[in-house]
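Order of writing sets the labels: A, B, C and D. Residues in every chain begin at 1.
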Amino acid sequence: MRGWMGKFRSLLLFSALTLFLAGCGQENLSALKPEGYGAELLLDLMLISIAIMVFVFVIVMAIYFFVLVRYREKKGQEDFVPKQTEGNHTLEVIWTVIPIILLLVLAVPTVQATFDLADQSSQDEEGVLTVEVTGNQYWWHFNYEGQEIATSQELYIPVGERVYLDMKASDVIHSFWVPAIAGKMDTNPGENINTMYLEAYEEGVYWGHCAELCGPSHSLMDFRVVAVSPDKFEQWKEDMQNVDPEAEPETASAKEGQELFNNNCMSCHAIGGASAGVGPNLTNFGNRNKIAGILEPSKENLVDWIVHPDEIKPGNKMPANIVNKEEASKIADYLMGLKHTDVGTELDSVNKPKNDQ
Amino acid sequence: MAYNSKPAHHEEYQRKQHREEMKHQVLTFALMILFTFIAFGMVIMEVDTYFIIPTLIILAIVQVAFQLYYFMHMKNKGHDMPALMMYGGAAVALLTIITFTSLIWW
Amino acid sequence: MSTAVAQKSGLGAAIWDYLTTVDHKKIAHLYLYAGGLFFLIGGLEAMIIRIQLMKPDNNFISAGLYNEMITMHGTTMIFLAAMPLIFALMNAVVPLQIGARDVAFPFLNSLGFWLFLFGGLMLNVSWFTGGAPDAGWTNYAPLSTTSPGHGVDYYVMGLQISGAGTLIGGINFLVTIVNMRAPGMTYMRMPLFTWSVFVTSTLILFAFPALTVGLFLMMFDRMFGSAFFDVGLGGNAIIWEHLFWIFGHPEVYILILPLFGAFSDIFSTFSKKRLFGYSAMVFATVLIGFLGFMVWAHHMFTVGMGPIANSIFAVATMAIAVPTGIKIFNWLFTMWGGQIKMTAAMLWSVAFIPSFTIGGMTGVMLAAAAADYQYHDTYFVVGHFHYVIVGGVVFGIFAALHYWWPKMFGIKLNEKLGKLAFWPFFVGFHLTFFIQHFLGLMGMPRRYWVFLEGQGLETGNMISTVGAFFMAIGTLIFVYNVIYSAKKEKKADGDAWGTGRTLEWAIPSPPPHYNFVQTPLVRGLDPLWVEKMDGKEGMTPAEPLGDIHMPNASFLPFMMSLGTFIAGFGFIYQVDNKAWLIAVFAGMGILLGSMLVRSVKDDLGHHIHKEEIEEDIKKGVAK
Amino acid sequence: MSHEDVLNPTKLPHDPEKATLEGKNKFLAFWFFLGGETVLFASLFGTYLALNGSTQGENTPEHLFGLELVFIMTMLLLTSSLTSVYAMYHMKNHDFGKMQKWLGITVALGFAFLGFEIYEFYHYIHEYGFTFRSSAFGSAFYTLVGFHGGHVLFGLSWIVTLMIRNQKRGLNLYNAPKFYIASLYWHFIDVVWVFIFTVVYLMGKVG
């Protein structure tokens, strides 16, 4: 499908449209700047539909302005009574049939794309990665099936490979959306597992949103997809599998922090390959692009978060004031030091996309 | 009023019509009872599942059609609009049921 | 029992008159006042939303309040503003257009209004009792079933009550149109507005029961511990989504179709031409209504229904573009060769065409199932539906109000002010919503309390907010126009625009409460135009001058609605304290008691005597 | 038509329920209402079918339902449908006394049905601990069947009110449409029951 649509895109109108739309938004966030298979396929579909719409709109507007200019009541002719036309069969057939044809032109690629994106044929093949995605109020959990790797908030994937996502929610409905790489899919509570796939074209840190209203902090439930080369991904996997949750931190403060963390936080959080708990898995926390999905990764922000998560993400389930500010600072030292892998750190953070404009 | 001046034989004719119709109604009723017996009987005798479910549904639909067309007179004249709206309702009903039996459990 | 409506004077009497009236024209006024007020409230909520989204990371209102704001904005605008305003038009116009003296069930008409009003009040009371509903106007489970406090309970009870009112209204108009048409008014001679009300009412009849059931299940889950949407006990949250959209999609056509009808009447009146392709227009209306029931799942493309279901619903949805296109082109060709008079009503109608076409087209884009994986739940969708709703429904309501205002109130709205209100609203509308399509594609999901800095979304949101202020200015000028015209404008003619074609223009503005002295004889499509072209003054009567039978006023509809209102509170609060069951029983008692009174007390209406009517004719208030 | 003509007609027409405009309106409106009710019950049936299997491992339909009771209830309701047809037959023949008598029988059958239904629910709750809150299936079952039961109760109250109110004055053009649509309502209740006994009980028993 991409073959003939690739040619299609080179048509003049398309190039113009593409140029125009490409001015819109950020490379790692915008659906108009696709960096992955799904997003590109969908942009092509959008362009076809936009072209059809522009075509129809131009015709409608042409008639519209002609009529409005030509048939305005003129001074001194107020008593004129126009001919009372009943209709015109030929015209009516024309404006029934042409839209039908245009819609068929749109329907065919629509159905193709819909099936293409639902294709799961390669999921069971050897070496194909499947990640279990769980939406929670207000964070995302990622469990790498059969790999004993679990992360939260940041999903690492290899570039150029299809990664399948098996998706569900633990509380209310959420929706997983990485505009630059693929479309979105809801995560439902209960037994139903939805499946979609990601296939990134280039390395980078892509921004993801929750797209289904899920409570007060719905707008703060951001996450990131970190796409790295397959080699780096292998390295990452290895690093992650070898995480020692018990590892001693270096500084004294961090050591105390570890103690405090183990006593106060471990009932909800985890470090290492454990699957989802009540709170996010904090493996490799020190290398995260954001704290809690939205804050700049600074110690100050982290302390604020630990003491008063409710003020930053209203309605979230992490209790406030478990520890005081001082203790929080030690825990922050510990957490900021949790750097389990270097993979991905060389990619610039989100607001400055790696792939220069 | 116009209807006050109808001749007496007209009245007699009407009554006869009603009696005639009533006979149909009783017959309909008998069939409905029969259908009910068949339906319950099949379940009690544990007829094969693949056969029984469609049969039960068909029996129910026929019974309901009897109710609507005979007991509720939808077959009579002056019932075009009622019939139209019942068909409309039935169509939406059908779509709803199909959805809830096929689309909900993915 | 044969006196006309109480002839008392004074404010008290006027209020009592409105509380008990069963006259469709007064009920139209009531719907207009209430719907108008709710429109302002919904608009205010919209302004608060836009102010919050004016800049990144804004803290104008809190996250929880923001969710309440969007929920109440959507719910208020759809159920308490747009629908009632449409009912105002239906009540004001349909009986007149078909040559009837009232609707088929005047009592139920009044009941429908009061149920809607009490339902609307109930929803808005939630602001003052600890929090409004906050799960979006779509109220998806389990977010709604687990939402703390009583907000969602108010949503459930308020919509249940006002929904019952709507259903009653729908049936009423169906029967009115089927049974009460003047002699000679065949189906294919009905004005397009009446036709679209007919189709709309059918949609109401078949769509609202699904909402009723959905709301009941939601109520049982929240208030009585059932487990329909509770996965823990085997429930299924998607059931709500289906029930909601089985109702919800037809609902959007319930909103737009009556205005399609109004535009048809307006275009032909102000082009001095009969509607181009009348039969095709009727057919298209029916077809839209029909297809409207087969596409609801296009709101659920990302739910995980699978590619087969998604494809079917995608194609079915696209099909609706065809009948809608037929309409657009027929309107254009109604104007073609006509003599277009650019009144305020016409201005709104003319502006509707490009606006709605854009909205419809983004609708078709959304219908491309796979592409919707990108659009869904983003500002692209917000852009789409405001284009069709504001550019279609709201423009339509403004157009229709300008057009029928003289019939409803006996005076025209000031034309200059009318146009002055139009321009800022029109410009503001495009400013606000066009950019939102791009915001959506650039990665801005809807229902976002804040958007973050540095994502390239700042400019677009700012433009959008500025646009909203323009719309507010336009709205305020319109409100001012209403007050100004009431004071300054002089009485309008029966045929207020001089080019009226349909029956409502054959009688005085405003009409006497029995509408037609003698039921008119309809001799063709656009009956008044037919007579005018034959050089006649007005309609030929179909009956001799005689006593007129009219329904009696009644206070019972108000009481019945009050009963449900009280019971509603009882249901909500019995969860906390069983003592509130008293309110349930008291409310139900009032309701059932009133119903009992209604059913055992004969109410045969009254007659207006020939002499009184002749008196009215002499005074010139009847024709 | 004067009020006198409506309340004390010298002679009833052949279709007294549709002789006045009000009567025609009521007749039509009621049918339309039934069209809407069809969708209402379809939504409930749909929900029931979707949650049919969500029994949380206990109190499955096969295990709960007893067919004897349902059979008796079905016979009661079907028969009441016929008796109400008889009532309308007599109405059309302008025989008020017989109409009231048949309506009386209809009501009696209806109450018997309702009694059994209440017994059934009571039985499930106390013998099996199967309640509205036990599982999604429980919620769906009681809601669907209960909605129908509520309709039965409403229909009975309606018919009884009409019978009492008009006991003394007999049939006229004002109350004939009311009797007629009440009987339509009653038939519709039977229509719904046919689907309930088929879909809920019989198909539930089949599994």
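What to note about this one:
One rule holds for everything that comes next: contacts are C-beta pairs under 8 Å (C-beta built on N, C-alpha and C of every residue); 3 or more make two chains touch, one makes a residue touch a chain.
Quantities reported herein were computed from a predicted structural model and do not represent experimental measurements.
Interface comparison, B-C versus B-D: the higher count of C-beta contacts falls to B-D.
Of all chains shown, C has the CA centroid lying nearest to the centroid of every protein CA atom.
The centroid of the Cα atoms in chain A and the matching centroid in chain C are 37 Å apart. Look at where the CA atoms of chain B average out and do the same for chain D: the two points lie 15 Å apart.
Each chain gets a centre from the mean of its Cα atoms; for chain A and chain B, those two points are 53 Å apart. Within chain A, the positions touching two or more other chains are listed as 192. Taken residue by residue, chain B touches two or more other chains at 81, 85, 88-89, 92, 96, 99-100, 104-106, whereas all remaining positions touch fewer.
Within chain C, the positions touching two or more other chains are listed as 174, 178, 205-206, 210, 236, 238-239, 242, 246, 304, 306. Note for the complex: chain D touches chain C at residues 1-3, 6-7, 21, 24-25, 28-29, 32-33, 35-37, 39-40, 43-44, 46-47, 50-51, 53-56, 132-140, 143, 158, 161-162, 165, 174, 178.
Interface residues of chain C, counted against chain B in their complex, comprise 174, 178, 202, 205-206, 210, 236, 238-239, 242, 246, 293-294, 297, 304-306, 309. Those residues of chain C that touch chain A in the shared complex are 62-64, 66-67, 134-136, 140, 142-143, 146, 231, 236-238, 271-274, 276-280, 302-304, 306-307, 310-311, 314-315, 318-319, 321-322, 325-326, 328-330, 332-333, 335-342, 350, 353-354, 357-358, 361-362, 364-365, 367-374, 376-378, 438, 441-443, 445, 447-452, 454-456. Those residues of chain B that touch chain C in the complex are listed here as 81, 85, 88-89, 91-92, 95-96, 99-100, 103-106.
The part of chain B that touches chain D in the complex is made up of residues 1, 3-4, 6, 14-15, 18, 21-22, 25-26, 29, 32-33, 36, 39-40, 43-44, 49, 52-53, 56-57, 59-60, 63-64, 67-68, 71-72, 78-79, 81-82, 85-86, 88-90, 92-94, 96-97, 99-101, 104-105.
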